[in-house]
Amino acid sequence: MYRKLIFELSKEGREGHTLPRCDVPVKKNEDLIPDKYLRHKAANLPQVAENEVVRHFVMLSTLNHHVDKAFYPLGSCTMKYNPKINERLAGLPGFMNLHPEQPAEKVQGALRLMYELGELLKEITGFSAITLQPAAGAQGELTGLLLIKKYHQMKGRQRTVILVPDSAHGTNPASAAICGFRIKTVRSTEQGLVDMEDLKAKTDENVAGIMLTNPSTLGIFETQLKEIRAVMDEVDALMYMDGANLNALFGIVRPGETGFDVMHINLHKSFSTPHGGGGPGSGPVAVNDKLKDYLPAPIIIEKNGRYLLEYNLPESIGSVHTFYGNFAIFVRAYAYIRILGKSGLPQVTRHAIINANYLKAQLKELFELEYPAPTMHEFVLSAEKQKKRGAKALDIAKRLLDYGVHPPTVYFPLIVKEAMMIEPTESESKEMLDVFVQSLKQIDREIDENLETVLQAPHNTPVRRLDEAGAVKNLNINYFKNKV
Amino acid sequence: MYRKLIFELSKEGREGHTLPRCDVPVKKNEDLIPDKYLRHKAANLPQVAENEVVRHFVMLSTLNHHVDKAFYPLGSCTMKYNPKINERLAGLPGFMNLHPEQPAEKVQGALRLMYELGELLKEITGFSAITLQPAAGAQGELTGLLLIKKYHQMKGRQRTVILVPDSAHGTNPASAAICGFRIKTVRSTEQGLVDMEDLKAKTDENVAGIMLTNPSTLGIFETQLKEIRAVMDEVDALMYMDGANLNALFGIVRPGETGFDVMHINLHKSFSTPHGGGGPGSGPVAVNDKLKDYLPAPIIIEKNGRYLLEYNLPESIGSVHTFYGNFAIFVRAYAYIRILGKSGLPQVTRHAIINANYLKAQLKELFELEYPAPTMHEFVLSAEKQKKRGAKALDIAKRLLDYGVHPPTVYFPLIVKEAMMIEPTESESKEMLDVFVQSLKQIDREIDENLETVLQAPHNTPVRRLDEAGAVKNLNINYFKNKV
Amino acid sequence: MSYWSNSEQDIKAMLKTIGVKNFEELIANIPEDLRFKGQYQIPDGLSEMEAQKLLEELAAENLPLIPFAGAGAYDHYIPAIVDEIASRPEFYTSYTPYQPEVSQGNLQVMYEFQSLICELTQMDVTNASMYEAGSALAEAILLALSHTRKQTVLLPATLNLRYKKVIETYLRHMDVQIVEIPQKHFTLDLEFLRQNIDDNTACIVVQNPNYFGFLEDVEAINQLRAAHKALLIYAYDPISLGILKTPGEYEADIAVAEGQALGNPLNYGGPFVGLFSARETLLRKMPGRIAGETKDVDGKRGYVLTLQTREQHIRREKATSNICTNSGLLTVRAAIYLSALGKKGMQQVASLCLNKAHYLAEGLTKLAGISLAVEAPFFKEFTIKLPVNADTVIQQFAQKGVLAGVSLQHLGLKDHLLVAVTEKRTRQELDHYIEIMKSILD
Amino acid sequence: MSYWSNSEQDIKAMLKTIGVKNFEELIANIPEDLRFKGQYQIPDGLSEMEAQKLLEELAAENLPLIPFAGAGAYDHYIPAIVDEIASRPEFYTSYTPYQPEVSQGNLQVMYEFQSLICELTQMDVTNASMYEAGSALAEAILLALSHTRKQTVLLPATLNLRYKKVIETYLRHMDVQIVEIPQKHFTLDLEFLRQNIDDNTACIVVQNPNYFGFLEDVEAINQLRAAHKALLIYAYDPISLGILKTPGEYEADIAVAEGQALGNPLNYGGPFVGLFSARETLLRKMPGRIAGETKDVDGKRGYVLTLQTREQHIRREKATSNICTNSGLLTVRAAIYLSALGKKGMQQVASLCLNKAHYLAEGLTKLAGISLAVEAPFFKEFTIKLPVNADTVIQQFAQKGVLAGVSLQHLGLKDHLLVAVTEKRTRQELDHYIEIMKSILD
């Protein structure tokens, strides 16, 4: 099969795009800019005809698994269906062609959309204020932690520790570290909940707050929120919720009412905006009254039906985005919420939870279920039994590729050995879930009957198992540097 | 692999699209329309969720060969690159959302575009008048023949015969037959030209005209146009040019200047509008002064910079399209012509002819070249030699599929045995042509070394050789009828 | 902008392989006196950016009005997935599935499209599409003439006049008598039909809802034509079949429709897509391509073009029709549309049209001087009689950004206006329409 | 509208398989006092058609002005193929390539993107993107601080103020001293720099062309920073590198840019895409994902995420950055843009911007009372001094549908206007701009 790099298609003199003629008098570059500022050797960018550029990238696209192809149950990633209408709406010229420095009176629709999206998210999460700025969940975490830091600073104290359960997303400790916090890990109980004894033991006057993912990465709802709140209140520490799993809570729980002070929301997870092969996402941060004055500037305010960007926020932590956040993602999330509406959102959660439980019911015998607590929108199995029979979680994942479905997230969370973290989302049909179950059962049989087939998998993919260690050893991350 | 019918995905109660609530008072259907007019059993259309509808059709799409994938050298089909800008422009709301009954003063841009497209096509073809109405090449032929018929009728005579060379497109005789003409076939010479003796022998007072494809389906330019014209003039018969191969003539020949009275143009071939899996196309018909008064109504006229649809054409043959033709295709063709412009169009032809000759030069030894006359944009090889060694043109075509390229048109034109009609178009790069040559050479070797591989081909396609006879014998062309 | 791939350097190498010095040598056989010697009198080429600006300016010279016009072109909502999928190059840059092994996508969609239309219409067989309704009706008549070997065609005055013109063009050269059945109270004159149908009648074309939007008494027509073994060619609105009796139930021999409403934009009248269905007995003479199910050598289900012996590339002058390229991409759109709306959606969209059209009709006929052209049942389109000239009304509406409808002036009905209402028209727009009309009449 | 697949019938069957009576049983563990008992106070759901109408109305409340504003967001032409390809669900509905065997499309594009940016900048290594320029610069500084283990960061007043605010937010909690280098004649004050740079300086950030559009004397800056082993963080405009000297040639340690200009729409400021390149020596501390070439078990070339030990899902709190989701889809667009324009196109687009910007500047400075803020070389953006308040000028231009530029009021320069000109601005638009300005001043 054809599989070239765009650079290998390049041939001197070919053209992929024609620029317009210059309709003003043309001067030489060096007549307008002193020579010492000029580049003397052109970048050796590809020279490829338009037809070939199109074929190249179309071909590359077909090598990807994607939501519109088949099941994509990556735990914690919420690979749900991305409604096509949202793409159409985000592409409206009245949104797409707006310069961010346009005067407010000429962007009232954009500001209103952002304002209303904020109001909707506040209503859904039960918080009283919000910033839409953070460009992704991890930046939302950073923002939330800066708010917590500010809270303590305003009280004149230096708090240095963030508590993070061992089931947390990897970004949680990383974000806390970037804010200059030390991380203390809190153990989970056998039920997958926060170990209250461990929590109490680790909570002292150095603690700024705790970061909880709820439901946790085990897909388990943390039922001890009131108790955790009480522990935090003793030292006036705050509670941060990683909202990556908000998908599981619509209509059931509003985090702002359960003791949390601040949370981030992944619009590209819970609110169905596309993942774009790794972004852009969007990570708004909602807070309660304790933190609202510290939100990043600008915020959008409404005055007599007109909308404004308010920069004059003396206690703000500053800005985390060059402009106002990922506006085109807001358009999609806004459309999604408005289309589903008041009763549709709770249905999303209902379907997501039922789908997860339906899978779990059929797989919990086949695999080990280390945490048998009630499952929300996702759950974690262990392939320990299979590993003993010769095939690791990784092998099972690779073999699933041959069955045309994407494997679950594997080896995460770290507290489950041979973890397989499965999130079907509400979009999937019973039939698709059944195909997944059958595939796993078949692979399980293959382990006994034809182990090599599993260990050598995948067989039907564009490339087979790739040498990741070799990639590090013989590092080649730049075509031109490598060629030199 | 998943390969279901949309009907097999259907499950009671699933929804693929939600209609808006009725915002006017709702009455029952039977309160507004008497029961005897109503359907009592709903059509058993699929019930499939949006996500699954998307996946179904996306999956189906991936089973198609297409221009944006690889080489597609179907002779006579001109599978050239379809510029993406044309899709963007045809989708402008100011074009796409226009109702055809809008008053002329509110569609000036559309009318101007149609008028200017007509002027451009007249300039390119050398004719003096044009209709854009015909929806495809075959309908263009029909229109042209009706014009020829009208011409003779206006002269008070009944002409019954249309001359068609044996190298003609299948639609030529079919179109003539539908107009009530009898067809007389004119032989080709060994050079692939019209046999002048045969032509003269068959030309008499019954002949209404001759239909010529130029270059012919052999890719050979008919050099005897003046001579043919002279023969036709003797009986006042007209000359029709099938313009399917106009791609080969830009900047070299203007058909209207070479003796033809009427021609059709395939916008979806020469002017790069996409083929849409079999349409829509567009087949404007250009004529000289002899025929201009008979063109279908309406035509677009310009008066003081304003554009109008003129219906008052007393000698018009009528209409061949409900409205004005395939407007969205006009937008694409217009953009294409304006982008290439005066000197770009001749380059199109130059590249198309060089590409064809480059292939021919490398393949004429491998295969038989029955007509060695100079090749324009396409040429026809014969796989007679290969057939003798065991593999027919069909086998070679099927084997080419395994190499990832689409085969040429095979078994056409009928005058070449084991014909393979190859049209590379100007879009293809030298490298792609080289891949094609190498593939054919490889297959030729396989005939000797591994004949079964060729005869059993294709091997790597979504399905393998299909039972076409079985399809006719056990006719199943309607899922519901078959299931009953 | 250029769309060829090779550079002049490549060309040089290629000419060398060919064995010529220059391009001119390759075309030296073309006689001098046939050569075009000048330069095209057309503008210089443009960059993509310039072309976009140019075409945007042209598009801006059009003002899409809110359409209350129908008459064969309807402003129905197009679900986003239709655009999303049909804009895949896998669909729009492919061609006729001459090699079925690499065309299963198009072939299966053709098969599904045929089946969907069959189920919607309750007809036996459907082809893979025609250009649009007008020429599809003409081809239906050609089929009826060929099948019955009779010479008279009955065309009612309640048939879309534009369709009629295309039919006349297709039949003009033939030895066929076209009898127009006049309208009476804006439906087909049954009495006239009774007197004019005879054993020489090949077919009668019935459009239902008819051009004026009103429902014909198809059962009565049917009785008359059955007595004379004339074929019934039934022209329908596919959206209407969400709730209206089907051509199959009316025992139509051929059912034809404009399929634009099924997920295709207005596009100023084209490309549109003709839907063509028939009784099984007419199958072998049916024009157009047909996809059929079969198996491959491994026994796997697959689809091919079938019954190709009807077609011109095999039968040449003996083909049933000359149609070749059709409206493939629009059938992809229609198949997606029908799959997305499904059983329930098609009923709902029809019901919405019905209710909204009646809401508007009721509102309008409350205005002094306006009445329905006839008190007959209608679906989404209806004709009203105005106390003023319809063309003037249309012009005044246009100034307010609304396309009021289609004037029936061309039928000599200067004060009649044909109004269509789809599910897209909101109550606000309907009320606004009534307001404008009121202000014009005041 | 609903986007779940299963019907209530399916749900019934599934609950049975699960072994519960109803959904409520599945969430019975959630304590009552944590439950949300009410109903969301948000509107009822909408059909797709209603949502489209609603959003179209919102979009219509925005009036996209013809932008002569830049300041970090530029209106460059986006070739049609960029939209065509990036709108394929294969790209936009996929995610981080955790399973490289079924993600070779995204991985290879990442590798190509990295290589394209390396070649454009003449830098050694590039990551697979950051959110946007502001936070990318902040991360660059974090990297410099970590690498040098020094505490002072020099930020010139000629840096985009919005970037500066993000940087300050990221650094606020750290034990770092930010020293602002003032501007002098709208470029960085070299004398101040000379006096304030020392061995404790971790890095200096230089934006070139700077916020005001003018070119900095990077060589002079470079000499100063080299003497103190401070890192050079170089913020560039990727379009400018078609003709301007590269960060690589200036020996930058880290080069950062806003990549929006490379085929991405303005989108009211986001999503944008941060370009992040560095010297090879900084690679192991570089934030963000990186794709690398490798082989599969059959020896076939393939691509994987590499150097993941820098990343948070493995290193957790020891990660070099917390960035995870980035701007993947925008890098696909940038890769297509750079591939389509290619070697020649990037030179041309830069040259067009250069010429047009100078044409406008010349035209404007001929008007009485208008001058360039400083007579320094500039690329596509420049600052002018007006005889009137810039905000007023902007308002008056806006009434004519033109975005005149960005006011520098926030820097205390009320009568200064920052104007950007891309290749999209036609001569007619430039002349129109001059005309409007003239009429305001008259």
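By written order: A, B, C and D. Residues from 1 in each chain.
By definition in this document, a contact is a pair of C-beta atoms (placed from the backbone, for glycine too) under 8 Å apart; a residue touches a chain by one contact, two chains touch by 3 or more.
Just so you know, these numbers come straight off a predicted model, no measurement behind them.
Checking A-D, B-D or A-C against B-C, more than half of the residue-numbered contact pairs recur only at A-D.
Interface comparison, B-D versus A-D: the pair with the greater number of contacting C-beta pairs is A-D.
Remark: chain A and chain B have CA centroids separated by 47 Å (rounded to whole angstrom).
Rounded to whole angstrom, the centroid-to-centroid distance between chain A and chain C, based on C-alpha atoms, equals 46 Å.
Centroids built from CA atoms put chain D at 19 Å from chain A.
Among the residues of chain B, those touching two or more other chains are numbered 11, 14-15, 17-20, 47, 49-52, 54, 58, 62, 68-69, 81, 83-85, 87-88, 427-429.
Looking at chain C, one finds that residues 1-6, 10, 46-49, 52, 79-81, 84, 87-89, 423, 426 touch two or more other chains.
Residues 1-10, 46-50, 79-81, 83-84, 89 of chain D touch chain B in their complex. Contact residues on chain B toward chain D in their complex (touch as defined above): 11-15, 17-21, 47, 49-52, 54, 58, 83-85, 87-88.
Looking at the complex, you find that chain B touches chain A at residues 1-2, 9, 11, 14, 49-52, 54-55, 58-59, 62, 68-70, 81, 83-84, 404, 427-429, 431.
Every residue of chain D that touches chain C in the complex is listed here, in rising order: 48-49, 52-53, 77, 79-80, 84, 87-89, 423-424, 426.
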